[in-house]
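I've put the structures underneath this note.
One chain, chain A, appears in both complexes that follow, with chain B as partner in the first and chain C in the second.
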Partner chain A sequence: MQTLTNRAKVLEQKPLTFMERLYLPNIAKGMAITFSHMFKKRPTINYPEQTRPFSPVFRGLHILNRDEEGRERCTACGLCAVACPAEAITMEAAERKSNEEHLYREEKYAARYEINMLRCIFCGLCEEACPKDAIYLSETFAPANFTRQSFIYGKPDLLIPDPKSQPDEFRMAQGRLEAHKANVKAAKNDQ
Partner chain B sequence: MMLAVDFALMLEKFLLIVVIIMGSLVIAMYATYAERKVAGILQDRRGPNRAGPFGLLQPVADGVKLFMKEEIIPLTSSKWLFILGPCLAMVTAMMTSAVIPWGSKIEIAGRTVDLQIADINIGVLYIFGVVSMGVYGIMIGGWASNNKFSLIAAVRGASQIISYELAMGLSLIALLMLTGSLSMKTIVEQQVSSGIWNVLLQPLGFLIFLICAFAECNRTPFDLPEAENELNFGYHQEYSSMKLGFYLFAEYINMFISSAVMATLYFGGYDIPFVNEANLAQSWGENLVTVLGSVTLLLKVAFFLFFFMWVRWTIPRFRYDQLMDLGWKKLIPLALANMLITGAVILWLNK
Partner chain C sequence: MSDEKKLFKVTIDNITVEVEPGTTVLQAARKIGGEVAPPAMCYYTKLKGSGGKCRTCLVEVSKGSTADPRPMPKLVASCRTTVMDGMEVKNITSERVIDARKGVVEFLLINHPLDCPVCDQAGECHLQDLGYGHGDEGTRYEFKRRTFEKHDLGPYIQLHMTRCILCYRCVYTADQVTNKRVHGVLSRGDHSEIATYIEKSLDNDFIGNVIDVCPVGALTDRTFRFKNRVWFTKPVEAHRDCDKCCGKVTLWERGDEILRVTARKDEWGEVNDWICNTCRFEKKKTSDWVIEGPTKVNRHSVISQGHYVGVHKPKETIREVMGGRDPKLLFDIHTVSEVNKPGIDLSLIQGPATSDVFDSNGKALNQPKP
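The block that comes next holds the complex of A and B.
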């Protein structure tokens, strides 16, 4: 028969030979195969204790950055909200008062900053759009929850820990951020 | 004199029964753990490893879960039979252990204690009788559930076990012609003294017995009575809580006991391979050798248990007509031929 490709295999349905009908040799073969799997490496990892390394450009939950003095970097310019293809980001700007210099880096800041994690597609365009180095995608991925409301992350959920009051937590988050920044830069240079 | 009660003997037997029943329960418990672990390892997974070190507390957790579950007796079921089913399955599974010699003799405070509950001269027949009662557990459970799937499973189970019991009995007849005795103890003692295990004299008989043992225990590839994807759950579909647990547990006890029977009949029971027990007993003392022998028996049983699991996670289930075909058209003629050849050889050698 003419075949279109040489990959086609004609199935031959011969009656079983005596050895095949005996079935026992084939059982022995099968059992040898299963037995050999006892010595194979297992792909499973013990998840909560062990975790797999993330890909260098993994994009997880967002983090709102602070500067080295613990002041929020975000100026509520709205570029991230404009860049967001899923329209997941909303914010309200406010003017910094004279006694709030230690809280906000510039005169304008985001009084409300919300990301709807159910809408977010984790494309990372907000991170690219930000001129103030204020928003980054971390390596945390969205935890499960029971209500839709709880997936709207506000400023308390997004802000990086304060370097002054929580130095250890800040350093941990910062470490991941720095690694993330380096990875993104390396990935960009490769292109 | 007949009425004089030997309290020491009663105590000794009672203790032995308690130890063996507890032992088989614990072994069945850990057989469930081993099953999941072996399945995991054979499939490149890890198996249970969360409850306790290496997941060793998993069977305890499973047992507690089963006990805590709500116990449902369907309204349309026949209640007494519904309860009787798992009881029968459990009782018959435990009863077989009575005639298996778990070891030779032990000397305690001047008394010689046989490590066997009852050395009856029809041990093999007793096992057959009790095992064939085991099918009532399945039959009654499936019938009393008043559920089509359960009933189909029960009928399947009954016909399967009856079919395979024939071949099993025929394969054993050849063995009994060699041993000349139905007592389990005598069969083992013969193997211990000669050093030749019956499997070497009866390889075909052992193969048939092994296949039939798989069928009797409802293990894959013969697990048609509980074929999940054909019958939902089989005969224990309507069962919940510990009644379900008893059914599942009885299966593992059956596995343990039939492993012990196979080890006893064909693999020398408590015979330590390549060792002359009588000589060893003189230098090391009787008790130590007995204990070593019992450990050997348990090792053999453990191997068979592993074999049961190994086969389960290798071979797919037979179709029902294939099962009947194998039982009636292959195994029974083979067992008959094996019997005739054995008989002929015995006659020829005696001449």
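The block that comes next holds the complex of A and C.
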């Protein structure tokens, strides 16, 4: 028969020798290999108690950023939604009222902002498109769930903690954000 | 007529075209079309006396005419310069023009705020196109941009004076299309602003047309304010019987909602026919209109994003395989999603939506307490 490649090997079917027919030496040889692994370094870790460090440019779940006064940065300009190749982002804009100036940075804001994590491919184009420094991809991935409904992420899921009510959490989120921005910048310069 | 009208031969960017005497260089270039036509921010074909203010349509005349072949020493505004026989004009083939236009764009953008993310004109803004096509990436201007006291122009028209480039188009529109003009340009120089002097709302039947003629986002439709971005709406040609105007419009729809009504525009962004305020602001139901079909949008325009034209959908075979049964829907997005709730009809809200609109749904807005 003509072979498809030149790498095919013809299998020789010789009768077993006496040593091979004994079986026991080969079993001992296999057991020795298994036993030797007891002394080798373990390649696995005990997730979730232990975690591995992420790559500096890892793209995980999105967050919506706030400024130092805790006002939302997003103005619902729709550039993330238009950049999104999976069409996962939807939003509805509203006008800021005069008593809401401490909540929103600009006169227009996203009253509703949703990311469908079932559609999202975590490409990071929304982060690149954002002119307002408002959306970033964090270093966490979407938790598994049994229902599809739980993958529609609204504003309460995406917004980072408010610096007024949760100053420590906000600082932590901001610190990680700054490190993330520096990493992305460094990665771009390397290219 | 005893003899035929003499036509002038004019060469623009090495393309020769024959036009009637009295035609402007800009119109001759538009007759050729495409890249050759210089951009215009203030000139408007349908408005008498417009043009000559923004200087974006500057061209180089390298040969005055057959009779006097000397070139014109300076760049000239093509919207105000009439053609001569044998004239030779350089637009995109001239280094000087490209450089001058870059400077003009920089000047126009000096006081223009960078609020495109907020502005409703974004996506169909002529200044955006101009800046993208002819401008520099950055600005050299380091000082504070001018600001103005807010003027209220009534329930239909929203004025953002900071975005204005003082093209005077809206002033000419009010003069020539409506029977009474109540707004104009007040003050001089850097303080010039579009206003009504005494706080007065614009309420003439045809005053809504100032929104269409505005090349930037200075005058925008208040009934469309912040409802959606232009590129997420789909333009549809429609008409209705109107006793005041021609009733031929473009509807900007989102789903079945009509978010905005504008006049139909030609390839130069100028309206074909003026429409009245009733058509523009008050007819926001699909039942008010006879729909003709989708508007043709340039493939390179951001408005054409997400319009998958000419796509052949593959045949759905699930029904055949399942013995006539439809596939089971895993979940209806509206059971979870807060966006585009069937209960909230944005097109029927007068003016921009606020937190009240979204709160009235029964659910509190997703806001942490301050």
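Couple of notes before you dig in:
The definition used in the following text is that the second predicted complex is superposed on the first by the 177 of 191 C-alpha atoms of A that agree within 3 Å, B and C clash if a C-alpha of one lies under 4 Å from a C-alpha of the other, contacts with A are read in each partner's own complex, and residues count from 1 in each chain.
By definition in this document, contacts are C-beta pairs under 8 Å (C-beta built on N, C-alpha and C of every residue); 3 or more make two chains touch, one makes a residue touch a chain.
As the structure is a prediction and not an experimental result, all values here were calculated from the model.
For chain A, the partner touching the most residues, choosing from chain B and chain C, is C.
Residue ranges of chain A in contact with chain B, taken from their complex: 27, 30-31, 33-35, 37-38, 40-44, 46. For chain C in complex with chain A, the touching residues are 115-118, 122, 225-229, 231-232, 302, 305-306, 330-331, 333, 335-340, 346, 352-358, 365-370.
Chain B makes touch with chain A in their complex at residues 41-46, 49, 310-311, 313-315. Residues of chain A that touch chain C in their complex: 70, 75-79, 81-82, 87, 90-97, 100, 102-103, 106-108, 111-114, 131-132, 148-149, 152, 154-156, 159, 162, 164-165.
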